[in-house]
Amino acid sequence: MMKEMVIDKKDIAGLLTELTGEMTVIAPVRKGDNLLFGPVSDGSEAALDSVNTRLAPKDALFPQCEKMMTFTTDRQAEDAHTMQDVSEPDKQVIFGVRPCDAAGFLILDKVFNQGGAEYEDTYYLRRREKTTVVGLGCNKPLSTCFCASFGGSPFGTDGLDILLTDVGDKYVVTVLTDKGEARLKGKSGPSEADPTSIEKAGQIKESAVKSVKAGIATDKIKGKATMELFDDPCWDTLYETCMNCGVCTYSCPTCHCFDIQDEAIDTEGVRMRNWDSCMFSLFTRHGSGHNPRPTKKDRFRQRFLHKFKYFQDNFDTVACVGCGRCIRLCPVNIDVRQVVEEMNR
Amino acid sequence: MAWQPKIVAFLCNWCSYAGADLAGVSRMQYPPNVRVIRIPCSGRMNPKFILSALKNGADGILISGCHPGDRHYLSGNYFARRKFALFRSLLDYMGIEDGRVHFSWVSAAEGERFAEVISEVTEAVRAIGPSRRLNKKVI
Amino acid sequence: MNNPYIPKPVRIEEIITETEDRSLKTFRLAFLNKEDEQAFSYVPGQFAELSIAGKGEIPIGIASSPTEEGYLLFTVNKVGIVTSHLHNMSAGEIMGVRGPLGKPYPINELKGKNVVIIGGGFAFTTLRSTIAYMLANRSEFGKITVIYGARTPGMLLYKEQLKEWEARNDIDLNVTVDKGDESWSGKVGFVPTVTKEVAPSAEDAYALVCGPPIMIKFTQPVLIKLGWTPETIIMSLENRMKCGIGICGRCNVGPKYTCKDGPVFTLAELNELPKEY
Amino acid sequence: MNHRDTENTEKIKKIAGRLLAEKRVDAVIGFRPGTVSLISAPTVARTEEEAAGLHWDRFCGVNLANYLPKREDKIAIVAKGCDSRSIVGLVAENQIKRENLYIIGIPCTGMIDRAKVISLAESPEVELTENGEEVTIKADGKQSTVALSDILQDNCQGCLHRNPAVFDELVGKKVEEAGGSDINAAVAKVEAMSQDERWNHFDQMFSTCIRCYACRNACPLCYCEQCFADDSQPQWCGKSTNPVDVKIFHIFRAYHCAGRCTDCGACVRACPVGINVRELTGKLEKEVRELFGCEAGMSLEAIPPLGVYLEKDPQEFIK
């Protein structure tokens, strides 16, 4: 399905506020100097007129810290020591998602649902099912944007239920799915699209698409043997300035590694999962102290091989959507485009 | 029952712990709110212990060692004093209430003083109420 | 929706201290609910996450065989938070089990073949499962040869079971220790050396090799020299795990996940992968 | 593109090239131009050709001392005032041997704060031109001019030691020390608040922390084999973004730097969500200076302040 409407920019806040009555509304909000995705209680808190958020919106589908189960160790309790699932998440709409980040959701979908009941991640999937994704096209992609390298586009619609195109004082609203349609049903604000806006949207899209540099090639990586890439001498120098912090992994829309931890005070506790990062030495360290990836180089290589080689082997796509966050946020300017260029030689 | 402060006291083995012992055998009265943890020397006191105790529900902390010049391990308490000075000011700066974390020197001979210190600390903690700022809630 | 992360409640039925240094204990667990027991259908070589509320989970190979009904056995080395706590628990207490997880030994492929089992130290657990399974279905397998080594006689696992197997004539059991004591009358020597002595034939056979890295390192060349191909040498890996279902990302060896694609791999498969285990 | 400091760039290239040609060192740790605006990238040059790619500008903020701990090879390193003091600290703490180091000291008049520029320009894609004390910022078709001092990093604005404390060779001439009129400006702002305000201030400030450990890993002082934050038995702080665990992490991270921190600003610069962790390390730096009269890394002979004591040390807080 595809349907085009328009909404005045001044009506967006009202639409979001209306939606908060039905479900959780997540949108870019200002927190100090940061633009981050977070829940809004009033539509006016949403900040849509800015470049992309500091961190990816994956937190809305795969929270950094998520309670999985609760338990009690109180001997008096009938269910002492047994795990109880947490309640189902609320319905939500994630508003103002850039197309690259929406493509990131599709990567997460692959990871969290690998087929067969035993490989389905309940927590992710039930949240996903209850989520509507409203996208916002990128009129002015940055020099660090390379979504086009992986088939993406500043106005790509993959993973979106609705796409908004900023045409000045209004947005063209492209309704892409039934879920998207349902969110707008009965709402004041969206109205019949006018030809001028549609035409303008087309022009904006065209110039934005042109402005994204093709970026990086990953075509040769898949054909190379794992060990050929693993033993490539390029790693000996590429990793050198990496500090092994988690900025790249935590800001990435597709990184999905996590840790599971129990936390308890007295007899009441939770089992929860927290984001984890392949950059941390603790990530792979065995209880015995043995560590299969003991050095910075091992961990650096793992991140790039995972994204561009292993993930391709397993899921037939790379685990990168070209959002450019890791390039902009890396404290030591490690540039994924340069690393991949070496890998793809 | 009214709220009773939970206080964790880290006492050095040679002076303050012995002081507590003396207070006990001398049958001196002092508030029962203190849980004692014996450490070999105030120099062993790692500030991590303070925050761990607060995180896990302590309302007040007392760290007590040998008087300077009176110490068992020659200089342990002098080094500790520098660490405590910095840590204390950092906690204050972070907005942790005055009266949450206390330091004292109590010798093995000062049973009476020990009882006084405990009363003082207990009253100070009682006055500021339950600790909430670094007390972890998981659920 | 089935939630693969929720452990099923089990009761500790018995705790057996296996080794003289008390670092290894075997836990006999029984499901509280019949339907959980029925759903837990496993094959030797698989593992499960043992869960202790408030402490966490640990992936442990299943030491019992599906032919031993009504309980599960797990032999646990005391190393970290969960295992230390587990060692201090007592029979009757409730904990959790999540699984079975991972790819088992290729039991169907082993059928009709000679099977050589080479194990060292506390890695013998899933091999115990395999041996028990094969002995319970003895006619389906060819010659069974076992080479099992431990540092000292006191560090051998499953001592009673070993005696039972020793008494049988349908299994060639070679137990060895690195260093004997006055009570030890068996073999003394490292596993690779004993493997060389026993010289198991590669003909129509599979070898299951599981042990500490140093044992694996020196046993592999012995087998290769005896004419074994990497396709017939089957190993089981160990890596830090959390989810156990191929999602959380830490146990990978190249593109393969130890939890989901393993822990069982052939040497041929491992030769194509980084040594990140 | 970033505005290059051509004069110093040429000097660094020359020194690095010479050291490598003479085989005085195995590698030179310096900077190369960044791939995006407002940052220059640390790099390791091992050949004369690589040395010719070295670079210097106002975006070389990364503290290169971070790459030194446990190195065994002969290294030349480009060091600003603060970096050189970190190097002194690492030598004192036996993380690197002085004789394996060739310190290329560079007097520094401050590094530009990329966050401040992005915030002013309202865009991360910026072109800067430096003209004496003024900087022209071009972004998104707009142009504005600001005072250089306004867009320097906070720690540079108040810097007390712009010249390297220890060096083997100096790039150019020493610069005048600025005197650090307001090195504790940020700390003073917090100190002026009431206790409750301070708590709320930090509660707010740390609420965006994502536990990526960039502040820790960017710090040249954080070289522990295993950080307390990774300890599990006992676990000093949980792994989640629970506000108590986050604060405990930051309190100890800062405290662990007490008497060692050279106020290089690496932690603040690395933070992906703009947390001014310097407000904590700065407080301790101030306390150490005022209580014990010490400044970290000023000389290779000095004993770190927590490794010594005086009988007359303050103790009025002890009953």
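So that you can tell them apart, the chains are marked A, B, C and D in the order they are listed, and the count of residues begins at 1 in each.
Note that in this section a contact is a pair of C-beta atoms (placed from the backbone, for glycine too) under 8 Å apart; a residue touches a chain by one contact, two chains touch by 3 or more.
All figures in this text were calculated on a predicted structure; none of them were measured in a lab.
S.K.: Which pair wins on C-beta contacts, A-C or C-D?
M.R.: A-C
S.K.: Distance-wise, how many Å sit between the C-alpha centres of chain A and chain C, to the nearest whole number?
M.R.: Once rounded, the distance between the two centres reads 39 Å.
S.K.: Using the average of all C-alpha atoms in each chain as its centre, how far is it in Å between chain B and chain C?
M.R.: 50
S.K.: Approximately how many whole Å separate the CA-defined centres of chain A and chain B?
M.R.: 47
S.K.: Using the touch rule from the top of the page, what residues of chain D touch 2 or more other chains?
M.R.: As it turns out, chain D has residues touching two or more other chains at 238, 242.
S.K.: Which chain B residues sit where two or more other chains touch them?
M.R.: Touching at least two other chains: 136-138.
S.K.: Could you list the positions in chain C whose residues touch two or more of the other chains?
M.R.: Within chain C, the residues that touch at least two other chains are 80.
S.K.: Return all touching chain pairs.
M.R.: A-B, A-C, A-D, B-D, C-D
S.K.: Help me check something: in the complex, which residues belonging to chain B touch chain D?
M.R.: 47-48, 51-52, 55, 68-69, 75, 78-79, 81-98, 102-105, 117, 120, 133-138
S.K.: Spell out the part of chain A that touches chain D in their complex, as residue ranges.
M.R.: These residues of chain A touch chain D: 31-34, 36, 50-51, 54-55, 64-65, 140, 142-144, 237, 240-241, 243-247, 249-251, 259, 261, 263, 272, 274-277, 280-282, 327-329, 331-335, 337-338.
S.K.: Can you list the chain C residues touching chain A in their complex?
M.R.: Where chain C meets chain A, its residues are 1-7, 9, 51-58, 79-80, 83, 93-96, 238-240, 242-243, 245-255, 260, 272-277.
S.K.: Which positions of chain D touch chain C when the two form their complex?
M.R.: 232-233
S.K.: Please name which positions on chain A make contact with chain B in the complex.
M.R.: On the chain A side, the touching residues are 70, 263-265, 268-270.
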